[in-house]
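Heads up, there are several structures right after this.
Shared between the two complexes below is chain A, which has chain B as its partner in the first and chain C in the second.
So, the complex of A and B:
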């Protein structure tokens, strides 16, 4: 029996793995006791506000700050010339993305601006309101330059080059050519083709980006209170670019009001705030407001894809070919780069299917817009939508049912571990099982019957399926090999306290997703104590083991395994001490519910509080050579595969009103396989939250830019987020295929919802539109576009 | 500047779109929050909160159009603060209540240091966020004719999310007496720079009653009545299309007895 098997069954008093334990931090959050950056006030604290570029592309000819500097409360008005010596520029490239290039990015605009919203002048004042008042008086003169906004035009030979020193506007390109694609298409019985447009959108966090920088000149030490996903990564980056000793930079991350990949990047305004703290030797706070968040928080997606699929006469896929063009703004974002998303689109398209021939190209292009980078689901929503749309088109062409064509094409169950033509390696997936469970859960046949019956009375409903793979538990192959100091390993420290409780410190972070609950559940289960007796510390680089934090759905899989291993170690240490005290063999003892008991009959021998009392206060009663060690640390790196892939099957049921173009979501189902389910409720909520963000992408959210590079809908009144009223019930169930890469067997689940939902909605919509013989592939699917596709307005057909 | 529910004023201040030197809070002014029916007239105080109006039994009995429309106004938190008068004075072409008072033929009672005056809803909405209110005038109450046995009310709108300003919406009222449709008033939301009363459509519908005009006739009339705006997402044509569909639905309802909303 493996350790995991021994600890997982829900038959021990402290078997929490598999139980929906409530989040211990939830009570504080609902009572308004959260600890967010903006709740903090430090003595002598100042606030910074920014004058941002109104132009997408311009040369700065003059900056007049004289009037602003005279305003009440203003302490300092800074331009790049003032902070140049305090903060060096950065370049967002990675070695393993061959040929990727970007320009040095300064904290404040240096001579030119490259996107609307780029910070130009920083104003430090006693209050944010005073800083904003003064900001209105700064006079920046610009000489507008031609904005380059369209990725296709950006690649034309005569295009204006945004960063002339780079030579052209191509940031990165990559190609895959596996198998015999041309031959497969030449011999195909069926070929389906499509072009698709994926809207630029963004992750809207309830708590905006926030940082409070506190520089202590006596030690040249900088403490950064940040709303952030990766405290250790930030520590490194701020130290590096502010020229500080990394050991003297401390990042403290309290509660985080959502991150979704937004809070994982280097932002010029945050770097400037830190530089100003160093310069002024005072605490400086910056909290982005909603309006500046829309123009500066990283955006996501923005892909134009053309793709085709070849099939044999039985509807088996023989080849996929795709071309992806994506606009990423004016810089490749540091340190993760803006090449990763397109890279993942290539790696993942057609993921669940056993095709052998694959050709794909991605081109990543600079443009004078806000920067694009990794947001929840990175590349997955595009890859899944492309593959799944082609699959549905193929079903229609071959006359096969949408479920049946997927069954025929899934990677065979006996083929694992399986290497996809993109090079992705799957340890083991459960596509068949997930799809069958999904079809049962949604009563697929019933839905189809309802669909035909409703059509008779002019009601148009559609059912959309989407199967997918998701990257989780990344190895160092994700970033580390590319030279970025982004840890894929993570650690967990456990300390048995004299009371018998345990203090747990971990490098993974809490963003509202429940990480703290997960690690506590795992540790409590393995040690054998009440989960409420564990106190969890996250987010403070002075207090927690070095780790990667939150990204790529790794918290439970990596952080959970570190907690598992640490729990085992602490348990053995405790039992060793107990054995000495009780004159017993350690193997004959067990820990249950905070008590040392006989392993065999469960008879209580000694509570942990007693063991704690003896060890901490009466060491004199213990043998001299015992050296009890009740603090342990264990680290874990997933090293067996580049990633642990999970899989899922989604179904969307919706209704289109052809008269108004409105789409109503009726129901949504997900069956997913994240391996060991540590906390069913948290897995379900991660899935639901992810699905909602995917539904937003498909139906509501879009950062709309004018041809001049102006964001036209940068407020919550015009940028539509999915809201509860429009959301359907989202059913979630599981198939469990634990990964053998860890004892815990948990994979990630943070992004699969977002990955699948756009595809499922698109497929459901096109299913609903079948009677009209039209197809839509341009997200988001607005009433305007539906009416156009149906020919109710405009010239008909899709625009 | 007057501060009522603050649900439009405060966001504008937050975004630095407006920097008034003085804000006059009228929330404590007595008598502005009353709803009462007297002699066939329903009076709604300008300070009545959206939620108060939506839940009022008097309102659902005498002006069910408002009860229906208010369900589409924003969300509970906003409806608990936003006021009937504030919504009219804000005069957003995309807001529900301005169109409703237009359809109902309401009278707006205005007070100032100089005295009082009554303004017909038709004369109140001038243009883009513009009203007939003069400097120093405060809207005190709104008078509406009660529905009555022969009255017909209709409200519907198309919005991408519940509680959003509509892509297009329609508030309509009419009376059906002795086999004739009298004074049908179709007031459209988000179809111009202010709520618009569709005169040509009203006439067409009244003339045809008890028959209903065909959809393309409705569209033709509305082409004369409305001038829907265009934004980055939704074209004028799409709004026009939706307005036409809503009008056809209203007419159908008016013909059936169920038209008594």
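So, the complex of A and C:
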């Protein structure tokens, strides 16, 4: 029996793996006792506000700060010339993305601005309001330059080059050509093709980006209280670019009010705040306001895709060809780069299906807009929507049912581990099982009957399916091999305290997804104690093992396995000490409910608190050669595959009103396979939250830019988010295929909901629109676009 | 800017402060009363994170000035959680995992408490409608609706 199997059954005491344990940290949050960055106040703390560029592309001809500097409360007004010596520029490239290029990005604009919202001048004052008062008096003179906003035009030979030193506006391109694509299309019985538009949108964390920087000149030590996903990564980057000893930079991450990939990147305003703290030797706080968030938090997607699929007479896919063009703003974002999303689109399109011939090209283009980078789902929503839309089109062309054509094309069960033509390797997936469970859960046949009946009475309902693969548990192949100091390994330290309780410190971080609960569940199960006797520490680089934090759905799979291994080690150390004290063989003892017991009959021998008392306070009573070690640390890196892929099947049921163009979501179902389920409620809630972000992307959310590169909807009144009234209840169930890469067997679940929802909505919408003979592939699917597609209001163009 | 003296009650305690006329209620509660449970998400009255009760009604803390609250009775999430009814709602939120990051939660709790005061036996649709002025970016809302329905059911039983 594997260790995981031994600890998994729910029939022994302290079996928490598989149980919906409540999150202990939620109790404080509901009582208003959270500790977010903006809740912190330090002695002599200052606030910084920024003067930002109103232009998408311009040369700065003069900056006059004299009046601002005289304003009440103002301590310092800084331009790039003031902070140049305190902070070096950065370049967002990775070695393994061949040919990727970007320009050095300064903390404050250095002669030119390249996007609206780029920080130009920083004002430090006793209060944020005073800093903003002074900001209004800064006079920056600009000479506007041609804004380059359209990615197609940006690649024209005569286009204005945004960063002339780079030679052109192409940041990165990659191609895949596997198998015999031309032959497959020439011999195809059916070919379907499409063009698709994926809207630019953003994360909208309810807590904006926040940082409080506290420099201590006596030790040249910098403490950063940050709302962030990767504390150790930030520690490295701030030290490197501020010229500080990395060992003297500490990042403390308390409660984080949503992140979703937004709080994982290097932002000029945050770097400037830290540089100002070093310069002024005082604490400096920066909290973005909502407009700053909209214009400077990384944006996501913004892809134009054309794609086609070849099929044989039985509806089996023989080839996929696609071309992806994405606009990423004026810099490749540091340190993860803005090339990764397009890279993933190429790696994942058609992922669930067993085709052999695949040709794809991605071009990643600079433009004078806000920067685009990794947001929840990274590339998956595009890849899944492209593949699943083509699959539905193929179903309609071949006359097969949408479920049946997927069954015919899934990677065969006996083909795992399977290497896709993109190079992606799948250890084992459960596409068939997920789809069948999904069809049963949603009563697929019943939905189809209802659909026909409703159409008779002029009600247009659609059912959309989407199957997907998702990257989780990344190995160092993701970033480490490219030269970025972003850890894919993570660690867990466990300390048995004299009380018999355990203090657990982990390198993975808590953003609300429940990581702290999950690592405690795993450790408590393996050690044999009550989960409430574990106290978890995260987010403080001075206190936790070195780790990667939250990204690529790795908390449970990587952090959980580190906790599992640490738990095993501590358990054996405890049993070794107990064996000596009790004059017993360690193998004959067990730990249950915080007590040393006989393994055989469960008879209590000694509580852990007694063992703790003896070890910590009465070492004189122990044999001299016994060296009790009640603190252990274990690390884990997933090294067997580049990633542990999960899979899922989604179904969306919606109704379109052809008179108003309104889309009403009726139901939504997900059956997912993230391997070992540690906490069913948390898995379901990650899935639901992810789905709703995907529904937002498909139906509501879009960063609307003018042709001059001006964001036109930078407020929550104009940028539409999913609200409670519009969202359906979401059914979630599981198929469990543990990964054999770890003993725990858990894979990630944070992003799969977001990955699948746009595809399922699009397929449901197009299914509903079948009687009208129209198809929509331009997200978000607003009522206006529906009415245009139906010819109810004027055709294309602006009116 | 000349400051003005105000006196009001926050969670049953009298608070007197000298404030700038432009200071909004949410910032007053966070900075002057040092009650950081009230969160500021958008500062333009849309997201609902700063929702507090002013004289018994749910109000956006960012759309009201502190000086408008002279003599008012304010209840924040800290006060709500300390009350018997509020504590029941808090426990239901934890039980249903009706929060992830917890940033929207204080406003969500105040709004949900107001709903249950006005309509002790709401339908799921009524709960969804009432909470539609409060954004949650993490949960997808279902668990929040579940938690509110749980409390309503529990109160009906008792």
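The criterion applied here is as follows: the second predicted complex is superposed on the first by the 794 of 799 C-alpha atoms of A that agree within 3 Å, B and C clash if a C-alpha of one lies under 4 Å from a C-alpha of the other, contacts with A are read in each partner's own complex, and residues count from 1 in each chain.
The rule is simple: a contact is a pair of C-beta atoms (placed from the backbone, for glycine too) under 8 Å apart; a residue touches a chain by one contact, two chains touch by 3 or more.
Note that the structure is predicted; figures quoted are calculated from it, not measured.
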When the two structures are overlaid on chain A, which partner does A:787 contact: first (chain B), second (chain C), both, or neither? first
If you count the residues of chain A that each partner touches, which comes out higher, chain B or chain C? C
Is A:221 touching anything from chain B or chain C once the two structures are fitted on A? First, second, both or neither. neither
With both complexes overlaid on chain A, does A:257 touch chain B (first), chain C (second), both or neither? second
Given the touch rule stated above, what does A:723 touch, chain B (first), chain C (second), both, or neither? both
Applying the touch criterion given at the start, work out whether A:513 contacts chain B, chain C, both or neither, answering first, second, both or neither. second
If we overlay the two complexes on their shared chain A, which of chain B and chain C does A:693 touch? Say first, second, both or neither. second
Please indicate which partner A:715 is in contact with in the superposed arrangement: first for chain B, second for chain C, both, or neither. both
First, second, both or neither for A:662, with chain B first and chain C second: first
Touch check for A:441: first (chain B), second (chain C), both, or neither? neither
Of all the chain A residues, which ones make contact with chain B and with chain C? 715, 722-723, 725-726
Could you please specify the touching residues of chain C with respect to chain A in the complex? 20, 22, 30, 35-44, 46-47, 49, 76-78, 81, 90, 93-95, 97, 99-106, 109, 124-125, 127-129, 131-145
Of all residues in chain A, those that touch chain B in their complex: 132, 136, 291, 659-662, 699-700, 702, 704, 706, 712-713, 715, 720, 722-723, 725-726, 782-784, 787-788, 792-794
Touching residues (chain side chain A, partner chain C) in the complex: 22-23, 26-27, 29-34, 36, 38-39, 129, 203-208, 255-260, 289-290, 511-514, 681-682, 685, 688-693, 715-717, 721-727, 729-730
As the complex stands, chain B meets chain A at residues 15-16, 158, 160-164, 167, 232-235, 237-238, 240-242, 245
